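Structures incoming, each one as structure tokens.
Two complexes are shown next, each including chain A; its partner changes from chain B in the first to chain C in the second.
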Partner chain A sequence: MHVSIFQGIKLVFGKELTAGLRFRAAWAAMFMFALTTLACVSMAMQGGGLDPRLLAALLWVILFFASMAGADRVFADEDTAGTLLALQVYGPAQAVLLGKMLYTFFLLLVLAVFITPLFLMFMDCTVTAPLVLAGTIFLGTWGIAAAGTLIAALTTGASIHSGLFSILMLPVILPVFLPAIFLTTGAFGGDVQLSYLGGMGIYDLILTLGASVLFDYLWFEE
Partner chain B sequence: MDIRGDTLLQLFIGILTIAVLGAVFLVVPPAEGLGDYVRLAFFHIPVAWVSVLAFLMSAWWAAAYLRKGSQRVDALSAGSAKIGLIFVLLATVSGAIFSKMTWGAYWNWDPRQTTIFVLLLIYGAYLTLRSAIPGAERRARVTAVYALFSFLTVPFLVFIIPRLYFSLHPSPVINGSGSIDMDPVMLAVLLAALLDATLIYFWLLFRGVRRQLPPAKRQEESA
Partner chain C sequence: MITIGFTGVVQTFHGRPIFGPLNERLTAGQITVVTGENGSGKSTMLKLAGQLLSPTEGKVIARDGDHELVQAAFRSQLALVTPELKFYSRLTARENLQFLLGLRGIELKDDAFSALLERVGLREKDIRQTYTGEFSTGMRQRLKLAALLASGAAVWLLDEPGANLDAAGRELVLREARRGAADGKLVFWATNDSREEGAADACIHLSRH
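Right after this comes the complex of A and B.
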């Protein structure tokens, strides 16, 4: 049976979403991590009154590390369950990668939609440029999903798991992370430099293309 | 390279290193504004250069591994990263000392400090991944993919970071207008120091790989 790449992506995305909603461990870990971290930060700071730059950095640190709590399992869970080989036999490489990437992107967007309003409320933060904030979150989570999916594939079968994913992710994701903090600072009342959004978009595309090209070398191991 | 060639190269590197050290302490004049602190730059710039060179070469050999699957190029890629880590540590420490002596603080996230720190993180991540993957063939493949994936940060390090942060660093040797803006004596000594550091890098790298691979494998790979 011939399946087009788009149908393949849709099928993999559907499979991931069904499995994620059924077992919920990755979702619960990410959401609870984000909520716990936000509560700790808010309690320590006793509410608001923080500089926009510090607020932006805190928001992205929470989003980044919460995503590390769930996004690293997209291939390791298949490996543990013994379904990775079946996926390798029946799933076209690009459909698997892009389907899983799309699922991770969706998961992170839902996480951001959940945690950002809570962050604004707990930290007493005012958004002066909501569209910039929305665009930054969209591009930031896309970058984390693109890099995270390939790095999750790399760490499958590694002898250590704890911390390895974050160690590999941080240097690769810094080009998304730093402009995201600058733009979010702008959205919280600082200067907005829209050219950073273009830069983030280009880097996200580079990460997606790079992951797509390199994934074949992992998927078709001799 | 045979044993005689290796000995000659060692001799040349030894003589060049002594000549560079002599020139740095006896010939190079104190720089305007920096005084004698400028002498540290003749160590710092070459080690920073090799840090970047080792990163590029590691990615180059990673690509060669994915194309050919040769054990020798995997050893070169990994060896380059190991040496790169040592050089990037030296560049970070010497840069922090230079920063303290000239600007009053060890670290201020200057664009070049940020770049070298990201490089340090990449080397650390690459070597951590290498130690965490069991099985030689999978380890080689996975780390080659990571070396190339992390190489995607290069445009950001070169073009974006300098726009995000204000820099106190002196202008590069070849400045924005493409002209060379440096005292001729200093420039000659700096170029010699760069050559010396580059030769030390290649010597350490090929010697390490030669020792790591058994003789039969070396002959088979080079054939």
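Right after this comes the complex of A and C.
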């Protein structure tokens, strides 16, 4: 008997969500990191206005580093708990990868939906192009989820897992990170260059396909 | 019919020899036990048989008739009861089985779940709302056996499955292994229990280097 890829993804996503909601460490770490950073930046600025470019960079630095606090755990938690073997024996590679990627994307999207309105409020920031901001957040979090899931799988078992994850993540995610800042600057009142959205979408797709191709080698590595 | 062949297999860890050269053939429909003192490489041999580890030298090849089974094709035929296999501690027994078996395309209905628990000696009312993290070691061992039985896998790798089980539990493992072999499963079993060894059709003894 074989499970369809969609059913497999649904099962992995459902398991991640159930386990994540019952043990909220990853959620709490991400949300508390984002809130603490936002509070620090907001207090440091003391209500002073900032350039849209600086505001956009701040928002993405908060989202990126908050995601580092939770997204790197998708495989490390399985390894620590000893459940990775069961998943490797029973789980089809692509369903595991894409299910975990979808869950990370969902987690980051929830984080972004939670933190962005607070950021706008605390930083007294006006959004002139809300659809561009929404599209940028969608594609930006997708990119972080795709790269994060693959790199989390690559670094699982490494003795300096967290450090290695952040170091490897930065160069891979720069092609998403930089256009996301440019587009968010546009959404905060600067010039909007919509071609960046297309570029981000293509890079996200390449990341997802690349992760899918590489993951089989990792999954069946003996 | 599935076979797993070991040809000239030598295993070392960080230059330390474990065993080899080994030439063996495991066949479906029989129980093959591997025995040897602690550190002789019984668990390592099981991992090699399950393609979860590559040998330092030589080849381990699984075949179904003339077709070589590799990667996903082999893994979909594999089930284990080993100390390294763990369940999700914050999911219940039902949730764990539904998830793992679901990934193999097996749907676990209420009746089948109840029958499975009864078969491995777990009481449904005791574990219905309990996370597996709260199970005793023996209960977890029985649940691993339940996953293996329900998986429909053709290759069973058992690494001291009687460990942490009471006398009835060890009897259950023996009975299920015999039944599995009779159903055409390839049962490869690491043990040092003379009774389990006596129930086997073939035996491989590993001596420590």
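Following the convention adopted for this analysis, the second predicted complex is superposed on the first by the 219 of 222 C-alpha atoms of A that agree within 3 Å, B and C clash if a C-alpha of one lies under 4 Å from a C-alpha of the other, contacts with A are read in each partner's own complex, and residues count from 1 in each chain.
The criterion applied here is as follows: a contact is a pair of C-beta atoms (placed from the backbone, for glycine too) under 8 Å apart; a residue touches a chain by one contact, two chains touch by 3 or more.
As the structure is a prediction and not an experimental result, all values here were calculated from the model.
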Which superposed partner A:172 touches (first chain B, second chain C, both, neither): first
Partner chain(s) touched by A:86 [first = chain B, second = chain C, both, neither]: second
First, second, both or neither for A:11, with chain B first and chain C second: second
Partner chain in contact with A:210 - chain B first, chain C second, else both or neither: first
Touching partner for A:198 - first (chain B), second (chain C), both, neither: neither
Which superposed partner A:117 touches (first chain B, second chain C, both, neither): neither
Partner chain(s) touched by A:182 [first = chain B, second = chain C, both, neither]: first
Footprint overlap on chain A, comparing chain B with chain C: 222
Contact set on chain A toward chain C in their complex: 1-4, 7-8, 11-12, 14-15, 18-19, 22-23, 81-83, 85-86, 88-93, 95, 216, 220, 222
Complex contacts: residues of chain A adjacent to chain B: 147, 150-151, 154-155, 157-160, 164, 167-168, 170-172, 174-175, 178-179, 182, 199, 203, 206-207, 210-211, 214, 217-218, 221-222
Complex contacts: residues of chain B adjacent to chain A: 66, 69, 118, 121-122, 124-125, 128-129, 132-134, 137-138, 141-142, 144-146, 148-150, 152-153, 155-156, 160-161, 164
Touch list for chain C against partner chain A, complex: 50-54, 71-72, 75-76, 78-80, 82, 84-91, 95, 99-106, 147, 151-152
